[in-house]
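I have a structure I would like to understand better, so I am pasting it below and will then ask my questions one at a time.
Which chain is which? They are A, B, C and D, in the order written, and residues in each are numbered from 1.
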Amino acid sequence: MAKSLEFERPLLELYDKIEQLKGLSNGNDNLADEITQIEKRAEKMRKEIYSNLTPNQIIQIARHPNRPDSLSLARLICDNFFTLHGDRVYRDDPSIIGGIGFVKKSRVMLIGHQKGHGTKENIYRNFGMPHPEGYRKALRLMKLAEKFGIPIITLIDTPGAFPGIEAEQRGQAEAIARNLKEMSDISVPIISFVIGEGGSGGALAIGVSNKMYMLEYSVYSVISPEGCASILFRDAKKADIASLNLKITAKDVLKLGVIDEIIKEPLGGAHNSWKKVASTIKRQITKDLNEFNVQSEQEIKDQRYNKFRQMGRFTS
Amino acid sequence: MAKSLEFERPLLELYDKIEQLKGLSNGNDNLADEITQIEKRAEKMRKEIYSNLTPNQIIQIARHPNRPDSLSLARLICDNFFTLHGDRVYRDDPSIIGGIGFVKKSRVMLIGHQKGHGTKENIYRNFGMPHPEGYRKALRLMKLAEKFGIPIITLIDTPGAFPGIEAEQRGQAEAIARNLKEMSDISVPIISFVIGEGGSGGALAIGVSNKMYMLEYSVYSVISPEGCASILFRDAKKADIASLNLKITAKDVLKLGVIDEIIKEPLGGAHNSWKKVASTIKRQITKDLNEFNVQSEQEIKDQRYNKFRQMGRFTS
Amino acid sequence: MSILDWFANKKNLDKKKSIKNIDKLNIPGNLWVKCPKCSEVLFSKDLELSYKVCSKCSFHFRITPEERIDYLLDNNSFVELDKDIKPVDFLKFEDTEPYEDRLIKAQEKSKYLDAIIIGTAKINGIPVNIGIMNFFFMGGSMGSVVGEKITRIIENGIETKNPVIIFTSSGGARMQEGILSLMQMAKTSAAISKLSSLKIPYITVLCDPTTGGTSASFAMLGDIQIAEPGALISFAGPRVIEQTIKQKIPSGFQRSEFLLDHGMIDNVVHRKDLKKTLKNIISILQAQEENK
Amino acid sequence: MSILDWFANKKNLDKKKSIKNIDKLNIPGNLWVKCPKCSEVLFSKDLELSYKVCSKCSFHFRITPEERIDYLLDNNSFVELDKDIKPVDFLKFEDTEPYEDRLIKAQEKSKYLDAIIIGTAKINGIPVNIGIMNFFFMGGSMGSVVGEKITRIIENGIETKNPVIIFTSSGGARMQEGILSLMQMAKTSAAISKLSSLKIPYITVLCDPTTGGTSASFAMLGDIQIAEPGALISFAGPRVIEQTIKQKIPSGFQRSEFLLDHGMIDNVVHRKDLKKTLKNIISILQAQEENK
């Protein structure tokens, strides 16, 4: 774990101690017992911490700088992954990646938001916040996939759309809207995974899917807790309480019927083992594609339409 | 006639004389005969000049600053013409205009290159040279027309695509190519008129039509005579001889099977009466739409495809 | 996100007297209104007769759904549909006050249950389906009710083949309904996709303001999109951009005319010309034989 | 228009000794070639074995159709089609010399009748339809013959369901065929539209240079578009722009990598990886049950 999270500190202190004891012990059996004991304690503490995370802590995991990114996952999930670039209109947006490959024997088009792991890469990737051309690239690739009957996988990981002059000027509202409309009518299955942050319209713009999953410590929200706090609570520091109200954790979103299932992460979060995360996602994709294989194009479209059609709560 | 063309000068001198005599005569019958005689001579000279125009002279008429522009023609041709703007991606390109209206009782989508009549307007219209967003707007409007079964009219009047950094950067090659491809498969009739300059790819990008007409003194060419001269003749001043070789006049292009008919202009050129030009075009549109009315979508597509399919000359 | 702007505007509204005057129009005896743009003092009766547009500078005042019905639809042709759909505070959302209380207040202040009304009507005799958002109800924010009613008026269009016209005016998604408010963007857009595949005309009229999740869904999906002059139309609003990115906003940014230049809308139409423009558009988009 | 560039390049070719050396590769005894980009002196046998790519700076030399066949297609799998289609000087076009004479010279110098060869072949056992343009024949310019052959290889793809791959290398339309050369853009694009509606994969590989009418038609219409590194790809070429608009050209402008950044191509692929990349793409685009 390269970077530690605040709430993990007691745990890390225990691990430090274990390391120290191991150094001291040097094969000395007297200490072995104590080490085992502390290790057990650490394991227990870890489970405790991770089974009682607040939404705010989960956000920290979701935003962890070492959390697996879409491109790395794509390469772990797919064989022969070949990246495809560009919207054929304006630019290749580095904050959305896409490409084709095989998941086992199935052909897939994989599209995802792309964050960086360091400052330089993050600036290049615009912190995973697309410009309109990113959504347009995604749509172009989805249409390409549809044309050739290739199922679509999307990996969602964005703080949201980019609040910048150029993004507005080039019509991010139009780009997001068009994606929502077009995705709803695509004849191949779309399977989405929120792998980190599912931030508002920027997330949904590649998330109108047949099956929707969230990694255990990911979040999905109409607005960032910080944004919500500064508007509704009139105090940006109340992000904590805003995040509680917004119901953004995988468990909450599952309850609201917006996702199908929660994908378990390795203990301590996805950043502890990219490979494990990739193989869990891969398993899910394979399972789903087998189901979709026996469905007609119309059934696939109808299932997606009906899913979104019934979202919303009201009385009359 | 606001601006005079070089080869019309002798004619204009005659007209000046007539005006002078009329001023002198002041109802005096003695001069009336002479005036009539000179008028006859002028008329004869006019016919002579206009029946022996060189390609280079025709280009001058085609580029005449008072030649009717697309928007003015659109308003003369259509009732209730309502302009539609924008490519929904980047910009509204002022060098291509579009809109919907009625030609008699028929609904039409009219799209055309737009030049200006003065320097200021010409700069705004980029002298009728589209950027990629212009072609994309045109295509968007054509798709809109297709969706609602509205026939498409295009008015072609451009020196060509714009040789600028931004136009290249935003992919004018892609934009033109896409238009050619998509237009070939549009299910409503497309009727095109070269009303001035039909310059290379920029012209063709809205010219993949079922019926193609050229105004009598318009030109249609793969490259401007000036461009051709500087490349092939290694001397930009040889535009004259290049224009002869390129076969760019309405008569030549008709012989090559690229257009269906030549639309007569008022004597002296279209700039002498915009209304007459508009009404001639309008009549042609009405006639053609009546023919297309009884054709199926597939017939309309096939006719367009087959027309272009057989263009080209070779042996084997 | 750009609901931030709605709030920004709301705060400005509270501050600026000149704008606050608009509200007073309904108070008897308050006969004069100051134009918030050019400061011209306008006689309120004249203002109403001139479509609530400043006679001096053409500033388009925000108007209520009733006013819009009055200005745009054939007399007495509007028949409201699904009037009784009510919002629910299903998250028990509580910021400075509970969502439930906010709703009750908004409902009491307006006579509406939520931020949109839908119905059938006629424009110069042509039957149309209409949705009119109400910015005066919680900033026109889109929660489940707005999403559902937009979807229903579209579905009704699919049945009747009536063209669908939606007048947007909204600060964006209603945060108090959490992720389900976001999902309304997908739900409404999917309905439009169905309408579109049946080739039934869908026209949007973007009114001040149209921002956030509303602009990034049904507002921007019109076969033809027209805007009232000077309307703020954006995803992320100017204030969010200034705060987040520290970029200076150019003048006229995100206004109707700016969007026209940047290719996002078909035209900007003065409110007084709106009815005849809509009639013209519909009569062209609908093939004659399909006209009813 | 951007055939201007072809000429510009041609002039440069005539001037720059370093580039002229490429031609000498075929002359026995001329064993060394200087890289025109990095000036590295390369042993010509090595250069041929390394796909005619500079081992130091990865400069991709322009190659002949035979070399491309050799590098990319399964051994002896290429079967040429429509070999005998010949160009005609139907306009009696005469600039500094008659078109007819130009054609004869070009045909004598190369062993081809015009600037493209088409045929069927296999890539790692997968049947494909192939078109390879030949820049060494009148700058790869597109007249009636190129247009016709492109169209035929696509029509053959429509019949056989073979994916179509075209390697472009062309200065643009062939002016000597006047307006009919322009029409080849429409003709080829229309054929691609038919191929596309049948969902048969169409892949373009953009090689140096791909400009003018070629880039603005079949070159830019691939389901997937890849480019060789450093290829000039444009409509109006850099020289035309500089002359006409007096704009200074930024470095790297209109090269493959520039187009990648600007969203116009899917990827830039080194010549040595091209065969396996094409194989991978085709095996993904073609559904298993459709594979032959």
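Miscellaneous remarks
Just so it is clear, a contact is a pair of C-beta atoms (placed from the backbone, for glycine too) under 8 Å apart; a residue touches a chain by one contact, two chains touch by 3 or more.
This structure is a prediction, so every number in the text was calculated from the model and none was measured.
Ranking every chain by how far its Cα centroid lies from the centroid of chain B, the top place goes to A. Note on chain placement: the centre of chain C and the centre of chain D lie 53 Å apart, centres being C-alpha means.
Taking the mean of the C-alpha atoms as each chain's centre, chain A and chain C sit 33 Å apart. The residues of chain C that reach two or more other chains are 196, 262-264, listed in rising order. Touching two or more other chains at once are residues 88-90, 170-171, 174, 178 of chain A. In terms of which chains touch, the assembly is arranged in some other way, matching none of the line, ring, star or all-to-all patterns. Chain pairs that touch one another are A-B, A-C, A-D, B-C, B-D. The residues of chain B lying in touch with chain D in their complex are 160-165, 167-174, 176-178, 180-182, 184-185, 200-201, 204, 207-208, 220-224, 227-228, 230-234, 242, 245-248, 253, 256, 258, 304-305, 308-309, 311-316.
Residues 196, 199, 201, 223-224, 260-267, 277, 280-281, 284-288 of chain C are the ones that touch chain B when the two sit in their complex. Within the complex, the chain A residues that touch chain B are 88-90, 132, 136, 170-171, 174, 178. Residue ranges of chain D in contact with chain B, taken from their complex: 1-4, 7, 82, 84-88, 90-91, 93-96, 143-145, 147-148, 151, 173, 175-187, 189-194, 196-197, 212-213, 215-221, 233-236, 240-241, 244-245, 247, 249-250, 253-254, 262-264. Put simply, chain A touches chain D in their complex at residues 80, 82-93, 100-102, 105, 107, 133, 137, 144, 147-150.
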